[in-house]
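Below, subunit A partners subunit B and then partners subunit C, in two separate complexes.
Presenting the complex of A and B:
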């Protein structure tokens, strides 16, 4: 296992280097620059670009980039939040995004599991069909439609909850109240995914032979379901929940805009549109590390959660 | 292994809970002083009941560094807490405006040759920490603005529209500061020396905006990196002075969320501005803003797009004309479409668009424009008279028509014949992210093909990013390109720079020595102090452009706005006064918030 982890880490490092290098060249080859303001004299634009070496040969720019990147210095944002380092920008935006999305996860996981269990146990009955309709609705309708609808009905028409995120900077009741609607909007598609998955796995588990054995040994249906079927069907949930956990760091562009949440959503898109190379590369590095770590953790989780699975093929 | 799994699960649970509350904790360790400041901040969050507070939503701001800011929201916020030498305010009667000498005691004295402008600075001006602001502060601030290592983009204020002696050379690193024409003669006298004379509006323009505000020099330099090529001044609440002698004090700035300001009793504008507190929320979704306005949580809203339909009859709706001219640039030297070289074809295109359709159906509140300069541009800054309402402005409006199908067909027939009676392939390039521009292009495609015959003209649409579009136009690699061009309301002559033969960056193919000469006379020559002469020059320049049609003007975009009932504008007829800016509101009578 240890040897496998080391091999994977080395492969990750190589993959990361390739991703970042390709991203660097693609970004630098895109037309336009951060200083491109039609009203600025061309000479001024060129001097601004010279300051950040943007007019030098690509390979020399790459050299500067690597020299700073090994020190984890991605420079300062050129346009999106000028003069702030990538680290400062991430540090100011990630907490609110994580807070919001973790609450969403804490809501969606138990709800999704409960609905999945009900649907599986009451398979082909009315409750199962109702849950399926809800699941289809949650999957089909984009989250921003829910966000707009919830905001309009619950916040504006009924005046039950705040329209936008509260100004409070600490997590008190006022702040939490203002997060309820975006949390709900973020949760629905996750609830649908988890519900479908749990229902499918639990249905399969309920029809397995060990359930028949358990019941023949004297356990009730409920006892057998809880003690054996549910535990077995939850094991593969890790490969859904762990990616959900890491995807929350990307934020949600539209929902954050609707509820005026100063999170990660849209930062990367804004950086690319603004030709803010330093910020874009810094963000891509961050997201690449997170994504690669996610893949590794998911792979390792199989071996940890289910000892029957041996990573590396060793019996 | 089982124990390991339990420990792993426990660690995961603890870390999740910790992260959930990570967003709650204030940044940094809490010292007693920080706790006190935090309490003060909490108190500043919401306006106390009974205060005259103006609340609105705007885009987030990227920086409060006056030397690098770019956007209007940044400018408007900075003008609240930054002092400027001059300021525009509404006059007593509320039917026009006047220049208010803010940090300056009066409008600067001009030397006889118009090259030397002398400001007398008021005494008693201070930053929020008590540091004195005087002429030396201004000189040091401008030195930092022009610093050759910092390369601040807003330094163009001193070498683009007006040319301060050696300012550009200093910025290039080719002159010493002593050679630059910015000097503090004594503690309260600031002298600006120019390479050539400029009209008063150019000076006004330069010194009413935050770019030329004083900066806290000690803070600015202390926040620089080792190489002195960057500064973190203005990047965070704790890296900016809360007031540089401005009419308000920045009380709170939570990035991308909100910024709050309270009146500065020591400001020269304290007796002019009536609003006690300004609260700005960073919200970019128009529907959300409208909902907050309807709930009474905001006092001002723009009714963009379909939102206007619901409030069309609402008596609270007013309009603010944009300073942005909207037009299509035509490549009169196009090799891809030689028809564009023919003036008859360009006239056909000009007369063949029904601008009423674009103004009403696409923009809803637009005004058809068969001229270049929008109505918000002012011919006389002392009276506030709009150029478009002058006899000269009206003359240009009557010079051509907003739509004339018969004339369009007549000109097209001539152009078609000159093209060898071959089908004309006409390409319209539009900005891929602008929905209105796309609709206009689609409308034009249908209109031209219906009017001139689909067998005689083929209109092709091409979606490209706006940066690429401007790039293509600059290189001459285009048939058409949309353009949104704006300038200072008080300096419409500056807008005509777009058409001179060599403006540095050329975004059209118009070259006319007669136009160049007239422009030079109006901007830096014998007409600069001749009010009527300058307005006549503006008329003549507009007519020259309309004679040759290197552009097709489209519409003026009037933005419908609404103020809440609490806001009683300082205005002779209670209406929003164009060119007064949002600062007209600061002079408004605002009812206190309800108890």
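Presenting the complex of A and C:
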């Protein structure tokens, strides 16, 4: 097991290196510079470029970049929040985004599972069809449409909840209230994914032979469903919930913009637009690390959850 | 046999299924009795309704099934009238069932021990320790070595034959009166098949079980069954004691089945008999004898009217017009006749 993890970590490091290299070159290949303000005197621009080694050949710049990247030092932000280090900016933005995403996860997992169970048990009846319609809607409509719709109807027309995130620094009721809409907008596609998955897994489990045996050995339908069918259908479920976390992380890029949430999403878009390369690369690294970690956790979680792999793998 | 107590009586059972292509008449008026302590084999090809019959007895039919008519009498109760709640009282404790594929009939993510003790714990509230002792006893009884160690293992750590033994242990955990075996050896190696059959026989003797044994393999039946019922297209076409069915079959379908089975004297020069055609589409069951279209002895009446059960002996009945007093005298196929003579001679030598 340890050997497997080490192998995976090495593979991840190589992948990570390729990702940041590609990001680096693509960003530098974009025309223009952060210091392209025509009102700036020529000498100032040259001084700035000199300071950040921007006048040197690309390959040498790449060398500087790698040398610092190894130490996880991505330098200072050039334009978005000048002179603050990228690390600092990340540290201030990550908690905001993470808080929102975690709430969205806490909301979507139980709702998704419950809807999935209802749909599977009442398969081909009205409640199942209704849930299917909702699922298709949630999967096919992008989250920003829901976000704007919720903002317009719930916040603007009905005046029930705030339109944008409150400025409160601590998590109190006012702030939580303003987080409800973004949480909803973020959760819909996740709810749909989980519901669909639970429904199909549970339907399969309900029709399995071990359910027949469980019933014929004297368990009631309810006991057999809870003890055998659900147990089996939840084993693979654990492995889709982790990737959903990554997907809502990316989904929140847009949602944050709509609800004026000062999280990672806004910063990333600003950084790209302002050609603030150091900050952009720093943020991209964060997203790559999260994605890579997710894949690793999913692979390892199979071994923890499923006894067939946990015990079978030891031999 | 006659004086024995009837433990289960199935009367005129009629089951249909709603499907997209129409109503499938899976079981069309099946009658049989199960005596205490005997093994009744139900033989028939795929789709003849044998599994549906037993699933009806267990009350585990699929949702699209309709119980059209019939009675299943068990201890003065009609199981056809049972609600799900009533059924829960007798499943496992009175009637239990084992299935064809031991690979898929065990829950893959639950420990073996827990699966065996589950019913005891949930139904009788037996303490964990007591249930474990009973389960280990059962595991030993069904021939699982190192039962204490195996108790905490998962199904994937067992071979196919071992899993079927576990399934048998599960089915017997609450001491049922009737055990239904739905093709329990079909998914197993031939060598393992014999062991499992032996085990079922032992269990039956030791526990005075009444067994309904479903199979399409006549070779399996010969070893385990006291009586045999041959099913075709949702009906029992012939039933009798094992000797009667093997040595004195009367229905043309039974003849064909027996003739298509290889035996010890079959060598590579002989060609096995194959029944021509395919079973009828049960969405539109035939008006007359369902086997008529594949039967070379069929008469005109076979296509028009269903034959009644004719009595051959006190224990042997067959539904074929050939037994009608006015029917022409037809002999069974020659290869079958020869084979039966050979077998009788051999049995006599013993």
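What we mean here is this: the second predicted complex is superposed on the first by the 298 of 315 C-alpha atoms of A that agree within 3 Å, B and C clash if a C-alpha of one lies under 4 Å from a C-alpha of the other, contacts with A are read in each partner's own complex, and residues count from 1 in each chain.
Note that a contact is a pair of C-beta atoms (placed from the backbone, for glycine too) under 8 Å apart; a residue touches a chain by one contact, two chains touch by 3 or more.
What you see is a predicted model, and the numbers here were worked out from it, not measured in a lab.
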Quiz item: Put the two structures on top of each other at subunit A: do subunit B and subunit C fit, or clash?
Solution: fit
Practice problem: Would you sort A:140 into first (subunit B), second (subunit C), both or neither based on which partner it touches? | Solution: neither
Quiz item: So, A:259: does it touch subunit B (first), subunit C (second), both, or neither?
Solution: first
Practice problem: Tell me which partner A:55 touches in the superposition: subunit B (first), subunit C (second), both or neither. | Solution: neither
Self-check item: First (subunit B), second (subunit C), both or neither touched by A:40
Solution: first
Exercise. Using the superposition on chain A described above, determine whether A:159 touches subunit B (first), subunit C (second), both, or neither.
Key: first
Practice problem: For A:223, select first, second, both or neither according to whether it touches subunit B, subunit C, the two together, or no partner. | Solution: second
Exercise. See if subunit A has more residues touched by subunit B or by subunit C, and give me that chain.
Key: B
Quiz prompt | Once both complexes are placed on the shared chain, angle at subunit A toward subunit B and subunit C, C-alpha, multiple of 10 degrees | solution = 160
Practice problem: For the combined overlay, can you note the least CA distance between subunit B and subunit C, rounded to whole Å? | Solution: 12
Quiz item: For subunit A, which residues belong to both interfaces, subunit B and subunit C?
Solution: 307
Self-check item: subunit B residues within the subunit A interface of the complex
Solution: 1, 4-5, 8, 16, 19-26, 45-46, 60, 62-63, 65, 68, 70, 151, 153, 156, 160, 172, 229-236, 254-258, 281-285, 287-288, 291-292, 294-295, 297, 465, 467-468, 470-471, 474, 504-505, 507
Self-check item: Touching residues on subunit A, where the partner in the complex is subunit B
Solution: 31-32, 35-38, 40-44, 47-48, 51, 76, 79-84, 88, 92-93, 95-96, 98-100, 102-103, 106, 148, 151-152, 155-156, 159, 163-165, 167-171, 175, 257-260, 262, 275, 304-305, 307
Quiz prompt | Touch list for subunit C against partner subunit A, complex | solution = 58, 60, 84, 88, 91-93, 96-99, 101, 104-110, 118-119, 122-123, 153-154, 156-157, 167, 170-171, 173-174
Practice problem: Please give the residue numbers of subunit A that touch subunit C in the complex, ascending. | Solution: 208-210, 212-221, 223, 227-228, 231-232, 235, 306-308, 311-312
